[in-house]
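Given below, in the form of structure tokens, are the structures.
What follows is chain A paired twice: with chain B in the first complex and chain C in the second.
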Partner chain A sequence: MEPLHFNSREQRRKIRGITVLSVFVLLIIIMFAISMNTGYIRLSPLDVIRTLVGVGTERQEVILFDFRLPRIVISVLVGVGLGVSGCILQSLSRNGLADPGILGINAGAGLMVVLFVAFFSTNAKAPVLFLPFLALVGAGLSAALVYTLAYKRNEGLSPTRLVLSGVAVTAGISAAMIVLTLKLDPQNYQFVTVWLVGRIWGANWTFVLALLPWLLLLLPYVFYKAKVLDVLNLGEQIATGLGTAVEKERLGLLVASVALAGSCVAVGGGIGFVGLIGPHLARRLVGPQHEFLLPASALIGGFLLIAADTLARWIMQPYEIPTGIVVAVIGAPYFLYLLAKSQT
Partner chain B sequence: MSFHTGVAANEEPHDKGKYAGKVRSRPFVASVVLLGGIAALVLSIAASISVGAADIQLATVWEAVFNFNQDLRLHQVIWELRFPRALAGAMVGACFAVAGAIMQGMTRNPLADSGLLGLNAGSGFVLALCFAFFPDLPFLYLIQYSFLGAALGAGLVYGIGSLAKNGLTPVRLTLAGVAVSALLTALSQGIAIYYHVSQDLAFWYAGGVAGTKWIQLKIMFPWVAAAMIGALILSRSITLLSLGDEVATGLGQRIGWVRAAAMIIVLVLAGTAVSIVGAVGFVGLVIPHIARYFVGLDYRWIIPTSAVFGSLLMVLADIGARIVHPPYETPIGALIALIGVPFFLYLSRRERREL
Partner chain C sequence: MFSLRKEKTTKISIVFISLLALLLLLTACGQTESLSDKNTTDPSNGENSVSDATNNEESAKEQVVKDAMGHEVKIPAHPQRIIASYLEDPLVALGVKPVAQWSVGNGQTVQDYLQTELQGIPTINYDLPPEEVMSFSPDLIVIGSESLVQNGLYEKYAKIAPTYVLGDEISNDWRKTLLKLGELLNQSDAAEKMLQDYDQKVKEAKEKLQNAIGEKSVAVLWLTQKQFYMVDETRSSGAVLYGDLGLNPPNLVTELSEEAKATWNPVSLEKLAELNADYIFLVNSDKAQGDITLNDPIWQGIPAVKAGHVYEMSTSSSWLYSGLIANEKIIEDVLKTLVK
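Up next, the complex of A and B:
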């Protein structure tokens, strides 16, 4: 292949990647604007702008700054985290059906959230910052459990058995959550059911503050490792042959993925399928190289969740349906489509 | 239709060649287990009636059943609340377990269960629609819509599962079942919230037999009885199907008809059960395997044993639901899932072939 030709193809890939990323940034901004206008109390675009520059009424300020904005910000952040987490899981397991929700990671985090809520009240400030740590522990434990259950010494890790174990562990942990909360504190029972259907419950600035540092810490690490993911995705032998410390890198990325999913789910509720769809769409749009695949998964995940959240508030006005329901209605058919297409 | 499955449950490979029509069964052990199961069931129903917010002596239970006195408050509690509840538990458990047994035998899929394969979620979805749009629909019609819902769920799962190139593997079916269930459950929840038909979303997760009325039992009984008799009549054919399509055809079974009849029975059983208790899974998965362990591979024994064991599990789980954290009721589906999930994992690991 001539170098010149190679360069132009490489260049085209870059242009395409950057275009896709910019389009999704734009889409998120548009959705952000629509989302600010949507809700039980309608604010016109003009009202929103006036409030943002500080000349709105006090009531409008409360609605926008205390209720709507934190929720929108949370939904974008959660979508970004889940998208990246799903992308890592899919690349590491080389399994198109991987998703933190399907693999039981979300459920493990959820169990910790429920225990947390049973022991502290939901609006105490200091413990909320501690919540992502707990979620990480829970998510890590259940990920380890799923991995152990799916692993067979002779056959290694089969993609479908991984998914099957994840589904079963999720069912078991969800049941345990219900029984446990009834035992610990029946008042929180409602909270568990709401968490399970995926309502974004932590919609205030404290939760944004609890989640943001994790994303700021983990996302750069993951993006920095994009090349490593490219190599790992080629398979263990090739990766070792190319001089990658496979076990070490894999563990680091897995922990990052679990931490991202755990902290997002801790504030977002049990939202599945975002980590499945985001990376798939991203792969179609920008190709398999993680340099663009990771940020594209992040942005698509963020866009999906902010769109789903806006839809959840808009579709059945004046009622609000949990965001997780909207995501499942979009995500489950997509999962079925992938399942029907898959070979193994 | 061909199902690329490992051999069902306890079946050992040599059985297949050696006995074409005569499968391993243990009539003596089976009779003992069946009778023991029935005795345990009667005892647990009695226990179920006496346990609750007001503890009632077993002697009083006996009195209330056989010598009912309208004026005694306890007798009324027993007759109007506890007794229908215990019977509903028993009936629903039998339905789920027999539906699971038939599905496992017919499709030779050890992971078959009405909850896992989308039937329960389908019923739940159609019931949610009924509650939302026809809130005054009599239970008789409700139960029939519930059958339709079960058919919808099963149709979606099998349809999507068979779209794939390598056909229907147990794992693919299970995964399709999970996704279809997730979709239908989400839709039911959306409907429930929008139309305020469900104050408590937990019903869609878990369910329970509390609050069952005699009238519901009377309506569901003929359906359940007919389906059970049908299942027993078909049981020999299901045994043959469980040996594989070639064997069954070779022995003169018209497998198309048997499948269709068996499927209708499964839909009636699952639909009825869901209309009473909600979408409870795993009963139909766990119980037939336990039954098979005791009575061998002949469905003439597996089906009645599954019915008795299923009833027993449900009645015991319902007692458990009341005593875990009184006075609150723990959702029965959550309790059963806690038993069912480890069992499911064990089954999916044990499978010899790549699932």
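Up next, the complex of A and C:
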């Protein structure tokens, strides 16, 4: 039984958390609707509703369910995955600048994707379902590389070194990707350069199927470990003192974060910043307790990406700007603002 | 969750479609007489006048064929609204007009040399965004390369209309492309005749050129964004000049073709100084920007330039493209300049 005088603060926090979560769920739903309406072929909202209910024309159904919906669903899923991944990374490394993109995870996954595309056709169903797994392997390798480079025996994981080695590894791998593509598969050169920027390239239901199991598996695990993350945040010594198997838990969560980022990147391209901004905003809105921070990061990440994707498809019709560019346009200034703030 | 919704919509769709089909059937029945008349006496489908006689023999009916990627495609008997982006050359040669034409930059760049035949036809972006394709309601889509339908794009196009992928093997060879399209459009005989006519033209042109310039060598250069490019021996205008017409390529072309991967390969100005071609055909895309590169002393020092044997081809010419019509125009240009 908690002492009475703690109740009101707890309650306030919980109410606030739930409100924020509900607001973002609503925002995502609204953005969903707007996104369904966006596209080269004009569909009136009435048409959209009618098609959703099942009385639209075949043509409208094709537009909504085959062209637009897969992409919208993917953008939400990827946003959720990246948001949670970034949240874990930031908490584990206790570094507000951590994000799967910066830490070279995206690049590692990307390298695998490029190799995959060079050797397999993306039209066959079976190989595509393996893609997130391959990306995960690549992400894991590059994450391990970054970790090794940044870890110093006596100092542990310094935030600056982490970011620096992450940036270096990303640059190196990105360059390798381009060179590899030129050698193996010049036709796909444009694909790689666009991929590096970040674009929802796999926009059909097969890709959704490929991504969904990973999210369904990893997200519950991560949410379950919310309290563990809270404890780890207090520092290694305190955490051990409180009885947490620090190394084991940290490794598990790290693997989950890399797996989430890897599989999302496999399907959504090298989109950076979502894992950075999502958790940041979430932290400001709901505070540092992970029971709310994790879902909030997920929802804000999801909302950010679906909004960016809709904008990317709408701004320069009939062209589609790669989603990653819109995210970067929003993300880079925010990132700079963070850096500036952290120095004063 | 998704399958449930699809089931319900599929059921309703089936009802609607069968009602529609019934309606169409009833209307069609009443018009069978006039329809068959239309087919035999009035080749209004835009088919070549040459193929008038042969057309009656080739029964134009729906075909089910397998494309380069193994898809089974049902080609309609008389496609009226074709989208065959970057394949407009063979289409026009076969006398068929597409419902949308290839373009880059939202209509900014089109195939200029085909514009007399393609005038008024709206443009579609070269990467064929599915919704844009759908907005034209095509009844047949022909795609050149497999790389254009990756990442699940094929399924999307297939939902709009029967989609046939030629494959790189065919689309990189303009003759095979022409024959294949002829096959799909029930004009195989016409296509073969056109190739025979072309070969005849080539033979005559070859003789004239042999008499006019003998063994002298010819180079084809493209100047764009202040960078020179040289054509690959076996592609585009290179294939026409060196392959068909048998003209001699200069030293640099043979060097380049060994390691070349693209149709047009960048050549530095310094390297060009070694060019020993007697004649240069130059496609000058920098003309509007003042083509200052041509004032460079290295360019001026090249033997062919000094002798004044540089012939500028306009950017609206067909020298950058490949196809029956493109090649015929290239041959005309060559004859006009080299055979006095």
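Some points to look at:
The working rule: the second predicted complex is superposed on the first by the 340 of 344 C-alpha atoms of A that agree within 3 Å, B and C clash if a C-alpha of one lies under 4 Å from a C-alpha of the other, contacts with A are read in each partner's own complex, and residues count from 1 in each chain.
FYI, a residue touches a chain if its C-beta (ideal position, glycine included) is under 8 Å from a C-beta of that chain, and two chains touch if they have at least 3 such contacts.
Note that this is a predicted model, so its numbers are computed, not measured.
Aligning the two structures on chain A places chain B and chain C in a clash. After overlaying the two complexes on the shared chain, residue contacts for A:Y224 are found with neither chain B nor chain C. Of the two partner chains placed by superposition, only chain B is touched by A:V169; chain C is not. After superposition on the shared chain, chain A has more residues touched by B, the comparison being chain B against chain C.
Residue contacts after overlaying the shared chain place A:K341 against chain B, while chain C stays out of touching range.
Touch criterion met: A:N204 reaches chain C, while chain B stays clear of it.
Residues 186, 319 of chain A lie at the contact with chain B in one complex and at the contact with chain C in the other. Per the touch definition, chain A reaches chain C in the complex via residues 39-41, 54-59, 61-63, 65-67, 117, 121-123, 186-188, 191, 201-207, 318-320.
Partner chain A is touched in their complex by these residues of chain B: 160-161, 163-166, 171-172, 174-176, 178-180, 182-183, 185-187, 189-190, 193-194, 200-202, 205-206, 281, 324-325, 328, 330-331, 333-335, 337-338, 340-342, 344-345, 348-349, 354-355. Across the complex, chain B is touched by residues 97, 149, 152, 155, 158, 160-161, 163-165, 167-169, 171-172, 174-176, 178-179, 182-183, 186, 189, 193-194, 196-197, 272, 316, 319, 321-322, 324-325, 328-329, 331-333, 335-336, 339-344 of chain A. Across the complex, chain C meets chain A through its residues 2, 5-6, 8-9, 12-13, 16-17, 69, 106, 125, 129-132, 134-135, 145-147, 149-152, 154-156, 159-160, 261-262.
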